[in-house]
Structures are given as structure tokens and as C-alpha cells.
């Protein structure tokens, strides 16, 4: 699986001299968009299909402080998928030191433009198949 | 005219130990929304009327560093209004010291939901009147 | 226990037309600072004592979408405290509807300015006492 | 001169369905850091020299709305430099359409770690030379 790279910006730091913890939640989104793109289900495609995927839950464990001008590599894996909910795991590694700086996860459901919960098997069998497949393969 | 108060948040600081300059642009929006609310043209009203007011230009001069846990008082005044464009001035004052920390301005046009430029005199005479009035009165 | 109120800003929305989920993590910080202030351990005091309190872990469950111009009430409670780690729970309620919009928690350690882990009982018995007390009292 | 590319993130959008205007101010910083890096005066170097370069003024004219998933190309040029103040111009172009989406500028002074204003000719002749040179060459 491809690795997404985020270059740490100055405006992401706080007065502790490190990246503010809320930015990791945003980087998860960056990596997730990239990951789905690579799977062939990019944002444009999702939007054309009328599928929106809100965040139901996030969690993040901070392991190592991250500094400005660094680069963080993010690996995304599917942890679970049951047809209506997708749970992703994120491994964030500081590129230079190759140290784990955060381990995170996010859970998503799928809705249409009116906010109705979608079962992907019906609404988009192609995507459902791909997620199931990725679960079995372990990423 | 009422004064809007923004309490500085930790996540608004950067590694220089002060508020990151980009946040002042956001505070201008906070003060603008509050200012229009007080004039009787709150966001709900604008939305019900179908009027959107994009930012055409912003500028900000930074006079004094602002720190976490401080409070910034913001005064908004109409500088110019010509029926299609509204230019607002902002005075940002650090509450405790009463020092000017920034002087800023923003320019806005008015569009409908399809993106068409609106002349307020036609689209919303009530708002047009109020803006003209506030120009004359000097705030 | 006092309730912290956050007024939702326009710049906190995303193109789904709701508040972007990453902002809830920032609101937790706002409420936490307020909560510690009310306990008598404000940011100024912590800094004068040389105690920094990094975030070790966050999690947030999103229950209800939150919109611009709304107000979110946040209650903070101590879930656990063992002398080196403090775990806080957050209940976020949309003011008008009084619906729960998010349930969250954060875990913190305490370090000095050199990054050394502090045991609060030694480093700051006053704060240690207060946290233990608040645990027993259930808030 | 190299062109900096920023990939638009979902969390940068607002409920108008476009990038929130405050993010352009942050992209200017991204491009500025990149630009100084390419000139041989990267952040690490500046920090080792003890030179901090606060923002004194910013302005941005918004020409074209920018959407999620797009890419914005940013060119940075030195407009003026007088030994104590540096003024940069930014041209932001939406990559796919090659349309100008924003024209901006920022002004900076130079200070040491104690906040004292620096004259670069004395404090860092190397950097002073480079800025003067770039002014003459027109970028």
C-alpha cells in the first residue's frame, strides 16, 4: 500500500514548539482521501455516485512530538468493514527518524445527499467488494 | 457600536509563542458576523434572503504580538459602500493593555446562490439602506 | 460544574455544510482550559509552576451534526487520575436542541520544561490533591 | 523560480463549498518557506542564525473560487527589500485551469530571539546580499 506524506507546516505548530495535536486529525483525512483515491474511489467518483462518508468516531494516540519542517509518513489500513461501517487504522511515522509518532483510527458510515444511511452492498456494490477484499488481504 | 471580544485559544498560537497571523483573518470574520447580526442582518436572515457575501479582498497590519489567554476587542466600521461592494475596517485591541494589535480591512461583494452578482438596492433595499446609513453616520 | 460555551464560527464549517470534525478536538482544549481555570489552576498558574500538560490521547464520537451559528455547551469531568495521568471526559450538547452532539475524552501527562515526566504528588501537591478530590466527588 | 504546489484539503473548505479565504494566508506561508529554502535560507538555517521573520502585513485579493481536490501553484517574488523590510508578492494559479485565483503580498521584518529588530546587512550580510540580488534580477 502506498504511503502518504505530509510536510509539517509552520502554522501547524503551537507555543509548545511542536505540532498542535488537532492537526493529526486533519492529516488522517488527507491520508484517507489519498488512500481511497489509490483504491480507485476518489473524491470525484464518490461525489458523482452521491456517496458521502461522514466521520463517526476518531481516536489518536500521540507517541512522539512532531516538529515544523519534518515530514510525516502515513499508512492507512482497513481494520473492519461490515457493509455499513468502515474502520480505518493509521500509522504515522516521522520520516527522518522512522519513529512512530502517532497511531490512530477513524470510523465512517455512508450516507446519500439527503443524509440517509447507505448499505454499500446495495448502493455501490463495486466499493463494497473492494472494501471486503482489502479486509481479507489485510490492508 | 458594540465591540466583539475574542478570547485567544491555545491552538491559535505558533512556535514563536504568539498567535499565528492567519488567525486574525478568522477573527475578522467572527467580528463581521457579529456586526451584521447587531445591525439586524444576521446570518440566518441573509441565508433566508438567499444572499451570500464572499470575501473579495483582505488586508491586515500587525502592530503588536498577541498571546494565549488574552482577549482581543474588535471594532468593525463600514469604510465604503457603493451598492455592490462593501468595505469594512477592523480595529483590534488587546483588552488588558488597550494597545492596538492589528488594523485590518475586508471587501465583500454580494451574490445569490447561483453565484450571480447582486446589486443590493434591487436585491435587498432594506440592507442597502442600512449600509448607506451606517456610512453616513460613520460606523 | 460550570459549562463552557463555544459559538460555532463560519470558518469551522466544511463543504458538507456542517462543522468539520477536527474542530471538536479544538473545542475540547477550549473547555479543558476553562475547566482548569475554574478549578484554580489556570494557564498562567501552570506556566508559573513550570508544568506543561501534553495530550497523550484523544477520542471523539460524533453523535449529531453541528451547524454554523449554533452554540455548543461542553461539560468536562475527570474520569480517572493516577498521579501521572489525567483522563477527562467531555459531553458536548447543542444548546438550542439540547441534543448530545459529541462524547469525547482526552488523556494527559505532566512534564516540566525539559520534557521530564512529573509525578504531581511531588511536583505540585496542591494540584494533585484537587484532582484526587474531583475524582471522588465525581466531577 | 520554482513553483510551489499546494493540494487543496477537504478541511480547508467551508459551507460555501469552496476553500475558506483564511487558508490562502496559510498557503502564502507554505510558499514563502519553500521559496527561502530554495534560495538557500531554509528554516533550519534561519533558526541556527537566530533570525526570526515575523509577518508585519498581509493582503490578498481573491480572484477565483478554489475547490477541494484542486491544486494551487504559487509563485513568490521579492517586490521590495530595504535592509530591514522584505515585501513579497504571491501569484496563486489554479493548476488545471491555469486561472489566477489570488494575488497577494506580505511584508516581513527581521528580529532576533529577544525581539530586537535586525538590520540584515549587519546581522546576516549573506542573506542581505541574496535579497538585494533577487530584487535586481526581478524575482
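Letters A, B, C and D mark the chains in the order given here, with residues in each chain numbered from 1 onward.
Here, contacts are C-beta pairs under 8 Å (C-beta built on N, C-alpha and C of every residue); 3 or more make two chains touch, one makes a residue touch a chain.
Everything quoted here is computed from the prediction, not taken from an experiment.
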| item | value |
| --- | --- |
| Contact-richer chain pair (by C-beta pairs counted) among B-C and B-D | B-D |
| Farthest chain relative to chain B (centres taken as mean CA coordinates) | A |
| Distance between the centres, which are taken as Cα means, of chain D and chain B, whole angstrom | 24 |
| Chain A and chain B: spacing of chain centres that average the CA atoms, whole Å | 35 |
| Cα-centroid distance, chain B relative to chain C, in whole angstrom | 29 |
| Of all residues in chain B, the ones touching two or more other chains | 10-11, 16, 22, 26, 29, 68 |
| Chain contact graph, described as a line, ring, star, complete graph or other shape | complete |
| In the complex with chain A, residue positions of chain B that touch it | 10-11, 13-18, 20, 22, 68 |
| Parts of chain C lying in touch with chain B, wherever the complex brings them together | 9-11, 26, 29-30, 33, 42-44, 68-69 |
| For the chain C and chain A complex, residues of the former touching the latter | 16, 21-23, 25-26, 29, 52, 54-62, 65 |
